[in-house]
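The following pair of complexes shares a single chain, subunit A, combined with subunit B in the former and subunit C in the latter.
Now for the complex of A and B:
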């Protein structure tokens, strides 16, 4: 009789009591190859913020993250491509320069402020930038992980690959630079004078890469 | 325990009753977690997923058993009078009669709720209380029998004294046929019908929230009761719908009761420690106080229960995907079929003269770095245009605004959340300047709107539904228009037989009202 009482009344009561007492666990992020880094160079929680850089543990690269703060990292600014005197100066649009903007302006300012603890920011190569391209995106979103790289535009992003022959209507300009298109992830060659978006990278940072500073 | 043997039919019906009551109770308690947080405290004991269909199927089975019992009771009573006279009362007879009464209340209130023709809050309370009573009944009836007689009790209800195989097979077949027939009847022929009036192609319907055009006066009205939402009086509101079409576009005029016009959408408040978001549940994506009013229409070429089968209740209805924060569930499509979702928002989209054109599809992949997983609920793509929230990063504590007004006097009208009257709770990106701690001269205690318009409106696929809502005298009226066929892969074409569900939100993020039966659009007289 006692055993029956236990199984029929006491056990269900215990189950209900346990369910009431137990608090469901809040969702937690799983391990991922990208991690968020603050402007001061500190790695933060995957769902934390704000952050200024993203470290990719697969490539060892630290990437600039764009914002909408109207500072030098605003994702809407465009730049003409100028690198080591190759290209066109001041043909993009930004608010932080008295003149218009080119890629060297962004590199100079970013290194001056030592974003995320690094002063070795540069343009990525096309193959480096291509490591950020992803195809499984939400409708209308750029082909990148927007959870880590917000304010990315569906457009062309400059790379350091230059001195490439231009074709078609631009062939009279002879040479241009490679850009990765974040609509479909393709790499294309566009004239240096084009106003395209820019995301900087460094492979020399204390938070993401073991190479000496 | 009586030593009278039980017939195979009795055993069949009793087993069916046990199954039906168990399924009804567990699925019903899961449904109750949406509006009764106390029940959510035992959520781990309750089933997850698309439980509405289980609930309705078990209701049919329960009704069939009840009907069979009623018939047998009448027959037996007739015989008993002839042979035995009245039976004496004892504990089990009293408990059984109690159980029968609770089942009767449960079935009657359940079908009234399904039909949507009663005073919903009272009927729902009755239905819920009957369910709790049935839980007690199970212990008082089955529990006491098992304590008294142990395994003999099980033998008594499972092993027929006589083996009348033919009778058992016949009864079983009847039960299955009636069950399937009932399900077919319930799931295919119980829709509300919304006739869509045809108007000439050159008739102009102004999307302004007012049904001033004469065509609206001629359109038929469908009124449905919805309940289970947060903040509405007793959680319910009646929704009136009218629809017009001109062969190219479909227009809806919708009105619903909402005692308050809620526009203060997650306002920011300056404190001595900095800026904070006014919130009560937003951290778990279930804000139910500082939120705008909203309205949603779900359109589908399927008319299954639970919003075309998209409502999957529970904290983790998808075992291989993240749990949801509020424990209520996810919307997603299991069939791969896409369902359209138009989401009008009183602050974020109303000024754009748009409803947010969204969809419910297959569960999305898990996106690292994003705290809220929304399963199948996603937005159509847009080319440009947006609203953004005026904080750099969400925090339940202190936040940093993105932008501040250059002159703090513009915040004066927003300082009283209870004030009546028209106030635009959106702020223009370009009228404000980037935040800096140095330039922040706003006094502690000051409220500031948080919805920043970066442009006038969405452009692209997400802007397919034009809409405008107006609140007056305790009612919202909303006009919407969309092409019958947008040719977008993220929209469904609207045609005769398309089904529709509507939900109103009273300053709540996710706690919306709902109705059981689908609304079927009748375009049979269309051009």
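Now for the complex of A and C:
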């Protein structure tokens, strides 16, 4: 009788009790490494908007987000590469300048407006820009998380890496700058005079830092 | 005094009349047939305009003018009504003065010039992609007005959304292309005939260019997608072919078939009636921007007929950059460079639309850049001169007197783009078959490049494999873990040396992509070979190395230059068999990589020599008598394939389209009027 009671009541009760005691806590979703930041520098929810910058907590870099509003951040504008007097001025098409456009024009305007609270915007290095490349995209889409970085073009984006030897048809121009191609994520060297896209970055913002591991 | 007062009153009255009669606007002019005797004037109502017509004549004396009435009216995107007046039987090489009139009177004074009937030289402008970038589009339009060309080729993408509002903006901006003239005391606007092309941004309406510009290439009186292709004869010197690259899209195969049949038959029958043949279409066969896909369908349709029928210059658009290519010949699924006459391709759009990164050079690309531009082409019996005009305000303005005095003159201070090797101008002459040869100045310094005819590498470990066109380019190595011993074989086309009396310099240029500290030898190849079939076994393995001519160490990536003159290698080729050269390691196992003609910049042999000029212009051997009859604007495709086949062996390759003739086009041939002459009824 006692044995029967043990199997019918006591054992299940013990098992249930043990299960309750040892139930692991619900997994806490890990913080996604990208977060949206408004033009004023406020971090907003992943589904929120509008946003003007994206913080990558893996790198601590704050990235410019492109638009289609024909303002200075329009994703269709192209720029020749000019950086600290190295490169070619005014050989891209952005339309917010009286003349044509170069990367220093975008940097100057973006710092003047203190986009997302920062006035330290610059061209990214090739390795920095490469951190945005993702290969898991739909065919025909740029190789980047378009949910966070809309209006990204399938094309070349300037980096700050310059003074690199040009090859092939461009060898006569001697030196050019590195660009990351958001078609396949490759880094190529193109002449400073090329009209390429540009996405600025800053590592000096009050809202974006490397997340503790 | 009374006379002066009377004249002043008359002029004032006329000015008032102009203002009071502004019931039409957006004047445009198009060519779609024989430019020496016809043109289409288009305009839109500006308010209430009833029974508009064109009053025109050959002088500014309006009492002598005739009237021409609206032949058809079209509505574009439900918002732009256009009336078109087709002027026919005009005198060649003549100014045509006209005003558009309606119930309120006559509007602004315009004039244009019909094409000469003789081989008189002229200037044309060719560009495309005006769809966005209004600021630069306007700058381009203003530059056009300064240049005063005889005609304008537009490669499509007039607007972005192909909407009525955007097309109104385009037509507003197009008014900037008018040149202002004072002729016999009257203010006139010089208006330039446009030859329009259908671009992908017109894809929502394949009748856009006939609805907006009134072109009726097939002469059937209807505005349909069949009016997106045709030929314009601009003097006996030039025949311009306009094609629709968007017919490669799904659902348009029957139109593509009809277009390609027409192209083949027209090239066969009338192509040689002109000294020069140009083609324009929107999508490049091989865009020079990696963000755009190649268009092998267009290559399969047109590359071979272009070569076979000596298409001299092809103007492509869409990519928003500039390029200039070598004269090329189709080779497999790509082009290869030829110095023996081929087709030159230029482009690619950027008449306003934002420039894109010019990042996808081909082995046959001379140079490219991300600029806002159109091409300015001087056409003469002796040759073509192709320049790239960048858009800024620096150019001087030609007066109508200057243009009248010199049909080839160009304004001072145009911001011409300078291409590598060519400088500001690409000079084209025709060889004996009528194909284009790039003429480079060999008199000043006497420097030119011999192009590679064959280049390939061979591998001892994969001794029966041919590596022609391999993506690794060209390789040489003493001992590679995968390939074993690697040799590169290179052969140059020596035909340009035939007219040279002495060679003072010969320098081999290799574009090194993977450097090495080892020494490599350059040998004369001991036996002949070709890139399509060369393998380690077929060339005799290591015995392909003949006499050692030179050696070098490729310490750096980039261009490596090696003097070959002192080796006597070129003399050996010229006096015996041109077997080419072999590059092989003299020591070590750290190989060297360099680009091939298929993967980038091809090896080159730079020559300095005293040479005769290249062959000057000659008509294709199959030419018909020029100007014995009118050339039809578009030859109806009534020629049967069996007739075409002997002269166009690759006709069956035209995109796999059937070569049957659409019944509609046969019917159209019967509607051609007498102005199109008996040749239209072939």
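Here is the rule we use: the second predicted complex is superposed on the first by the 177 of 213 C-alpha atoms of A that agree within 3 Å, B and C clash if a C-alpha of one lies under 4 Å from a C-alpha of the other, contacts with A are read in each partner's own complex, and residues count from 1 in each chain.
One rule holds for everything that comes next: a contact is a pair of C-beta atoms (placed from the backbone, for glycine too) under 8 Å apart; a residue touches a chain by one contact, two chains touch by 3 or more.
Keep in mind the model is a prediction, meaning the values are calculated, not measured.
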Which superposed partner A:136 touches (first subunit B, second subunit C, both, neither): first
Partner chain in contact with A:175 - subunit B first, subunit C second, else both or neither: neither
Touching partner for A:165 - first (subunit B), second (subunit C), both, neither: second
First, second, both or neither for A:156, with subunit B first and subunit C second: second
Partner chain(s) touched by A:78 [first = subunit B, second = subunit C, both, neither]: second
Which superposed partner A:96 touches (first subunit B, second subunit C, both, neither): neither
Partner chain(s) touched by A:183 [first = subunit B, second = subunit C, both, neither]: second
Intersection of subunit A interface sets (partners subunit B, subunit C): none
Sites on subunit A touched by subunit B in the complex: 1, 4-5, 8-9, 12, 15-16, 19-20, 22, 24-27, 29-30, 32, 34, 36, 46-50, 67-71, 136, 138-141, 145-148
Of all residues in subunit C, those that touch subunit A in their complex: 133, 135-136, 289-291, 321, 354-359, 361, 365-372, 420-421, 511, 513, 557-559, 595, 600-601
Interfacial residue positions of subunit A with respect to subunit C in the complex: 76-78, 80, 91-95, 100, 153-156, 165, 167-172, 179, 181, 183, 188, 190-191, 193-197
Subunit B to subunit A touching residues, read off their complex: 41-45, 139, 143, 146-147, 150, 315, 322-325, 327, 364-371, 373, 378-383, 388, 392-394, 400, 402, 434, 460-462, 490
